[in-house]
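Note that the chains are named A, B, C, D and E in the order they appear, and that numbering of residues resets to 1 at the start of each chain.
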Amino acid sequence: MRSDPHVHAAGAALADLVLEKTGVDVARCYQCGKCSAGCPLAAEMDFPPSQIMHLLQLRDLPGFAEMALRSHTIWLCLTCEICYCRCPMELDIPKVMDALRHESLARGMVHPKAKDILAFHRAFLDSVRVTGRLFEMGQVVDYKLRSGHFLQDLLQAPWMFWVGKLHLLPERVRDRRALKRIFAKTRRVGEKRP
Amino acid sequence: MKTGFYPGCSMKGSAREYSESLLAVAGALGRTLPEVPDWNCCGATAAHNLDPDLALALPARILAAAENVGMEEVLVPCAACYSRLKVTRHELLEDEQLRQRISGLVEADYRGSTEVLNILEWLSRVPELEKHVKKPFQRKVACYYGCLLVRPAGIVKFDRPEDPQTMDLLMRKLGAEPIDWAFKTECCGAGFSVSRTDLVAKLSGHILEDAVSRGAEAMIVACPMCHLNLDMRRPNIEKRAGKKISIPVIYITQALGLAMGLPAKKLGLHRHKVAVKISAANAAAKDI
Amino acid sequence: MNALQEKARELLATKTVRVVIGYGPGSGGQARALFVREAAQARELIFDETCLQNLAVYLMKPDVRQLGKAALVARPATLRTLLQLAAENQLEENSLLALVPGADGVLSLSTFSALEAQVASQDNELSVAEKSELEKFAAMGLDARREFWQEQFSRCLKCYACRAACPLCYCTRCTVECNQPQWIPVPAHDLGNLEWNVMRAMHLAGRCTNCGDCSRACPVGIPLYLLNQKLILDVSANFNSRSGMTAKADHSLSTFKPDDPEDFIK
Amino acid sequence: MARIGVFICHCGENISATVDVKKVAAAAARIPGVAHSVEYKYMCSDPGQQLVKNAIREKNLTGVVVAACSPRMHEPTFRRACAEAGLNPFLCEMANIREHCSWVHEKGDATTEKAVDIVRTLVAKVKKNKALQPIQVPVTKVALVIGGGIAGIQSSLDIANAGHRVILVEREPSIGGHMSQLSETFPTLDCSQCILTPRMVEVAQHPNITLYSYAELESLDGFIGNFKARIRKKARSLDETLCTGCGLCMQKCPTRRIPSEFDAGLGLRPAIYVPFPQAVPNKPVIDREHCTYYRTGKCRLCEKICPTQAIRFDQPDEIVEVDVGAIVLATGFDIKHSDFFPEYGYGRYPDVIDGLQFERLASASGPTLGEMRRPSDGKVPETVVFIACAGSRDPAKGIEYCSKICCMYTAKHAMLYRHKVHGGKPYVFYMDVRAGGKMYEEFVRRAMEEEGVQYVRGRVSRVFERNGKLVVKGADTLLGARPIEIEADLVVLATAAVAQPGAEELAQKLHVSYDTHQFFAEAHPKLRPVETNTAGIFLAGACQAPKDIPESVAQASGAAAKVAALFSQAELVRDPLIAVVDRQAPPVYSSCVGCFLCQSACPYQAIEKEEIRGRDGQLIKTVAKVNPGLCQGCGTCVAFCRTKSIDIQGFSHEQVHAEVLALLNRGERDA
Amino acid sequence: MPDFQPKIVAFVCNWCTYAGADLTGTSRMKYSPQVSIIRFPCTGRIDFMLLLKAFASGADGIIVSGCHPNDCHYSSGNFHARRRWIIFRGLLDFLGIDVSRVQFSWVSAAEGAKWAQLVNETSERIRELGPFTGYQRLRGLGVG
C-alpha cells in the first residue's frame, strides 16, 4: 500500500522508507551485480545500482544509507528499466531510484553534479504547469536560465525552427485551471528555486 | 473498437514528422484517429523523478479523459508517453486506494476500462499489411526498440524483453531485411538529451556504431526521444566518435508510408537532421 | 376385464407369480396399493391418473418378499427405481415382472435389458413446470430461501414417513438410528430437522428417481420433492449423469471424472 | 472412566516461546477424563519419554496425548514409548502445537488458547481410541529400480548383492545416465567413463538383476511389499536375442545427421544407433521418428545388411507385469536448456553452450575427441567465459534454489580447458563459490592459484556477438561494481539443474509427493531422507534434489539398505489404520445392506462381497467386507456409507465426531 | 463488529494439506490463530455430516483442503470428495445457507505459503461476514 509520500516516521531506516513507498524490500538483494553489469551508465556512477542497494542494506550503520541520497547515481539513472528486467530477485530498482530522488530533494542532499539534470526537470514541469503541455521553446529558455548554459544548443534552435520543429507560441490545454489544481495539490518536494 | 490517439507534446513539436507520417499512414489505411480531448502532458521523466503523485496524476487525467468519451483504447505512439500511461494504468488498477486518491487529485475518475496501445501493437493489428505495400522497402534496417516499449516486461506485457521481434516482423512485411544486432533494447540516453548531451552522445553512439557495423542502411525507431538522440544529436555523436556516421533514422510510420508510396514530404522526412537519402524501393533509390 | 386385469389374472392362474402388486380404488381421490394373490381378485385392479404411488417400495419390505415372486404395476418412475435398485444389488434379474400398462396392452418386463430399453424409451427429464419452479427458487435470493425452508422444516415432526415411503430408503439401519455418535438429534427441533433433511437429500443424491412419494407421504406437506429435483438437476449438470437408467453399478456420487468442475476450489 | 495423560513439550523454546505451556498444562488438567497433565522441556528425549512411561504405569493411564510437534515427526516415537510401558500404541495421539500453533502465531493469549483447543480436541479423540493390533502382510522380495544412472546402478548392485532380485528400468536405450556423458570428475579428475563402465557391465552380468532398458513404468498398483508394476518395453525394432551388437547397421544407415542426445546435440548419430560405444546393453535401437523407413516406407537397408536378421520393423511395444515389494526411484535430473537465457544468447549463438555440452567437448569420447574446439567453426577458443548460477538462485526465472554442483564443475571445466589449451584465458563469473565437501575447497583454490583461472565476482548482464566474438558484459562487485567487458570465443553457462521432464507424471503414478520444482519429496528432510511418504518407495540421487556423484552413490546405497531391511522380514507389519465393515450377532449379522456403492469408491479394490449363509448353507445376505491386505486406509468408503456400516480405525466416526465437538466447545467443557 | 474473532475449523487430509501446514510452521510463516486443524487420512474420508456438526457446534467458517487433483496419496479420494462437495454446496445454497462460509482448497505438501494465505484470506472473509448467527440460532432453539 502506498501512503502519502511526504510523511514518514522520523528515525526509520531508509530501507524501511523505500519499502513503504515502493514495496521493494532491499534486503532481498543478494549483490549478484547483474544490475550494475547491465546499467548503461554504471561507469559514470559513483555507486552503481548494486552498491546503492547495498548502502540501503546497511540500514543501521550511520552514514551509509545517506550516501545513497547524496549520490550522483540516483540522478544519472535513466529509468531504462534494464536492471529491473534482468534482476533475478525481481527488484524494481528504478522505482527505488525514484524514491531516493524524492527523499534526496526533501532532505536537500542533491549531488552538486546533478544540478543540470534537476534544472531540466524543473523547467519541464514549469512549462507543463503553465500550459498543460510541454512548450519546448519555453522550456529550453527556462532551462538556460536555471542552468546558466546560455550558449548550449544555440545553433540548434534556428535549424529546428527552420524545419518546423520549434514553435514560438505554446500549445495549450483548454482547461488549464484543472492542471493548475493538480499541480497545487501535488506539492513537489524541495520545490524551491535554486 | 473505438481507438483514440494521444500524440503527446513532442509530436506537436520536435517530433512533428512522427505525427505527420502516422496520420498520413492512418488516412491511407482508412482509419481515423480522434485525439483524446483536451489532453495534457504525461509528465515524462521529470514528473516521476520529482514527484510521485504528479507522475500518476498527469497520465490519470489523460486516461480518464479518454475513458469519458468511450475510447476503449488509446494509441500512444511516443514510447515514453506510452510507458507513463501504461505504468499509471497498472499501478492504479493494482491499488484501489491509490486509484481513489489520484482520482481525487485530478478530479476525474479513471476506472480502468481504457487500454493503452503502442504503435507496434497498433500496426500489427492491421490485417494484411503487406497488401498495402506498393514500393517494398528493400533495405537492411536496424529495428531499434529502445527501453520503454518492452520494459518493464511485467507491466507492458508486450513482446519479449530480450531480442523482441514485433518491429522486425513489421519491417519484413514492408519488404525490408531487419538485421540481427545487439543493441535493439539498449538505452539511447533518453531524457538527458539536453541536460547531459555528453552521455547521450556516448550511449547513442554505441547503438549507431553497432547497427552500421552490421550493414544497416537505416535505423527504424518508434520513439521521439530515441529519434531526437539518434538524429538531432548526431553532431555530438560524431564529434565523440571522431567520425562521420550518416545512417538515417526513420520512424516506423515513415518507413510504412514510403512503402505505401506516400510522398516523402507528407511523411515529414525533410525535417530530419540526418538526411534521408533512401527511398523505399531499391530500384527507385533517389535522394529525396 | 381390461388388459391389465387379464394379464394379472393369467399370471396368478398359471402361478407365474404369487402376487401382483398394483393399484386399487382408495379414498380421497387417491388409489391405494393392492396386493392381488388370487386370480379372481384381479378384476379389482385399476390403472388411471390417481395411481401415483411408487409400488417398488414394497419390494424392499421383508413381509412382501416372503409372499414369493411378484409382478408389479409400474409407472415410469417405478421403472427407474427398479433399475436403481438393481444397480444397488437390491434386485435380482428375472426375480420380478414389471407390468407396464399402455395403449397397446400390458408390457411385461423381467430382464434388466428389457427394463433398460423401456426406460430409455420414456421421458425421464424433469418437466418444464418442475424446472421452472426450481428456477424460481434460485431467483429468490439466499435469505428468502433460508426463511422458506426454515418455515417448512419447523413443521417437520421427524415421523420419518418420507423415509418409509421411499423405495430407496431401504437401509436396515438408518444414520438417524446411529447413536455412537449421535449424528442426528432425536427430538424434532430446528437444527435436528435441518440436519435430517440435509442428510436425507444427500443420501438420495444421484440415486433418487423422482417418484415424489416422500412429499405425498409427508403429513405436514413439506415439499421434499424440491430438494430431490434440485439434486437431480445438479447431478445431471455437473456429471452428465442420471439415476435409474441402468442396472449396472454406475453411481454418480461414488465415481468421478478427473475433469469434474472445480471452480469453487481455491 | 477414561484416565488420559497429557504431556506438553516445550521443544526447547520452539513451543514455549510463544505458548504459555504452564497454562496449557493447567487447562488440560481440568478437561474431564484427564488424570495427569505435565509439561517438560524435551518430551522426545529419553527422560521425556520416561515421564510418559512412568505416568502410564503409575497412574494407570488409558490414553496418552503428547502435545508437541507434528505427528508426522514423532508419532512413532511416542507410540513406541507407550507400547514399552504396556499401553497399546494406538491409544496415543499427538497434539500438534508446534507446526500448527507456536511456529505460526505470535506470542499471546490467543496462541495459548489455541494450543489448549488443540489439546482438548486430541483428548476428546483419544478417549474414543481403541486398542488395535498391527496387520501382517507378506513381502514380495523383488525390488524395482527406476532409472539407470549412477544412483540406480548403485542401488541395483547393492540390493542384488544382498541376495535379492532386482528389476532395473531405464528410459534410454542404455544405462549410464548423465555420468556417462561426463569427461572427468571433480575433485580427483578421474575419467568418468573409466569408473562408471565397469559398474554398468556388472549390472548387465549380475544374475540377480533383470535390466529393462528403453523401457518406462506404465502404471503401479498395490502397496509396500505387494506392488504390481506394469512396464512398457518400447520397441527397439530388433530382436535382442539375435542381435550381436556388431554395429554393421549403424555404419550403413543412410540417415546419419541426427543430433546425438549423448553428445548434447554437438555430435551426430544415425537413425539406428547405440548412444555410445560402451552402452549397456550394447544393442541398437531404431529411432522411428528419424528413420527413413518409418518416414517414407522405403529403405530397410539395416534389415538387408544385418548378419543375424535381427531387425524387426513391425515390433510392437511390450507390456511386462511384475510383482515387486519395494521401489527405488533414481530418475535423476536434467539441466535447463536453451531459450531460458535470451540475455545470454543461449540457443541463438552456437558458441554459448551449457555445462553438459562442455563435458562432451572435453571428453575423449566426444565429438572433437577431447580437443577443445568451439561448435561454430571448430576454432580453438583463446578466451572462455564460464558463467555460474545461470538460472540457479534466480527466482525471476522460477528457480530460487542453488543447483549445488555448478561451482565445482565450473572450476573443473576451467581447469580442463587450461589443461587442453595452455595459453587459454578462462574467466569465471560467480556470486559465491560453494565448495563444501571433501577436498572441494582445495580443488577450487587449485583452479585459482595454480591453473590461472580468473574469478570475477558478479553476475553477467548479457552476452552479444560482435565481430565474431562473444561480448560478455558483466561487473566486478569487488571493484565497486565496475563494468567489465570480456570478448570471449566460447561462453559456458552453468545452467540450473532441474527435475526430469515427466517427473511430475511419474510421481503421480507412484503417489509420491514432490516439491514445487517437481523434485521428489523425502519423508523427512533430516531423519528420513531416502524414504518417500509412500511406504516402500525410496529415493536415490538427483531426482530428490541436485546432487553430485558421491552424494548420489551414498544415497543409493542408503536406499538399497532400506530395501534390504524391508526384505529381511518374512512378513511386514502394518499399522491397522484400515476400514472395517460392521459385524454383529445374528440375526442382524451386519448393518450393511449390501448396496456396494463403496466398491466403486475404493481406489484399491479392497472391498469384497461376503455372502452370509445360515447353517443350512442358505444365503441370508450379501454384505461388504474389507480386505485388510489391500486397504490403505483412505476412508473414502466410510464417507459414502449411508448406514455408517464402514468405519476406519484411527479416524473412526466416534473419534472425529468427538474432535469436532471438543474443538468448538471451548468454554462449555473446561472453563 | 471489529472485535469479532471467528471460529474456523479446517478439515484437512494428512498427506498434502496437513503436511503443507507443517511446512508453514517449519518456514515460520504467520497466520491467523482462529483456525484449528482436524486431521483426516484423506479428503475422501470427510463426511458432509461433520461440516454440519461443525456449524452446529458454533463454527463461523470451515476450510476443507486436500491434495491437488492427480496428487492424492490414495489416487482418487480427492476426486470423490470434489463430487461430494459439488452436490453438497448446491444443496446448502438451495436451503439458503451461505456456502461462502465453506472454503474448499487444494494445498499440497509443498505449499506452506499457500496454506498461510488461505487461512488468512478465509478468516478475513469470515470476519467480514460476521458470526454465523443464522445457524447458531437454530442451535439455540434446538439444544438450549
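Methods note: a residue touches a chain if its C-beta (ideal position, glycine included) is under 8 Å from a C-beta of that chain, and two chains touch if they have at least 3 such contacts.
Bear in mind that the values here come from a model prediction, so they are computed numbers and not experimental data.
Once chain D is excluded, the chains joined through touch sort into A, B | C, E.
In terms of the stated touch criterion, the partners common to chain B and chain E are D, listed by label. Once the centre of each chain is set as its mean CA position, chain D and chain E turn out to be 30 Å apart. Rounded to a whole number, the gap between the C-alpha centres of chain B and chain D is 51 angstrom.
We define each chain's centre as the mean of its Cα atoms; on that basis chain C and chain E are separated by 34 Å. With touch defined as above, residues shared between interfaces to two or more other chains in chain A number as follows: 82, 90.
Residue positions 48, 53, 70, 76, 80, 84 of chain E are each in touch with at least two other chains.
Shared interface positions of chain C, defined as residues touching 2 or more other chains, are 175, 183, 253-255. Checking each pair of chains for touch leaves A-B, A-D, B-D, C-D, C-E, D-E.
Residues 70-72, 96, 98-101, 103-106, 110-111, 113-114, 117-118, 121, 507-508, 511, 513-516, 521, 533-534, 577, 601, 603-604, 632-636, 638-640, 648, 650-651, 653, 656-657, 659-661, 663-665 of chain D are the ones touching chain E in the complex.
Looking at the complex, you find that chain A touches chain B at residues 1-2, 5, 21, 40-41, 44, 76, 78-82, 84-85, 90, 92, 94, 98-99, 101-102, 105, 116-117, 119-122, 124-125, 128, 132-134, 136, 140, 143, 147, 152-153, 156, 159-160, 163-167, 171, 173-175, 178-179, 181-183, 185-186, 188-189. By the touch criterion given at the top, residues 137-138, 142-150, 175, 183, 185, 187, 189-192, 194-195, 198-199, 201-202, 205-206, 226-227, 230-231, 234-235, 238-239, 252-258, 260-262, 264-266 of chain C touch chain E in their complex. By the touch criterion given at the top, residues 160-163, 182, 210, 213 of chain B touch chain D in their complex. Those residues of chain D that touch chain B in the shared complex are 342-343, 348, 462, 464-467, 471.
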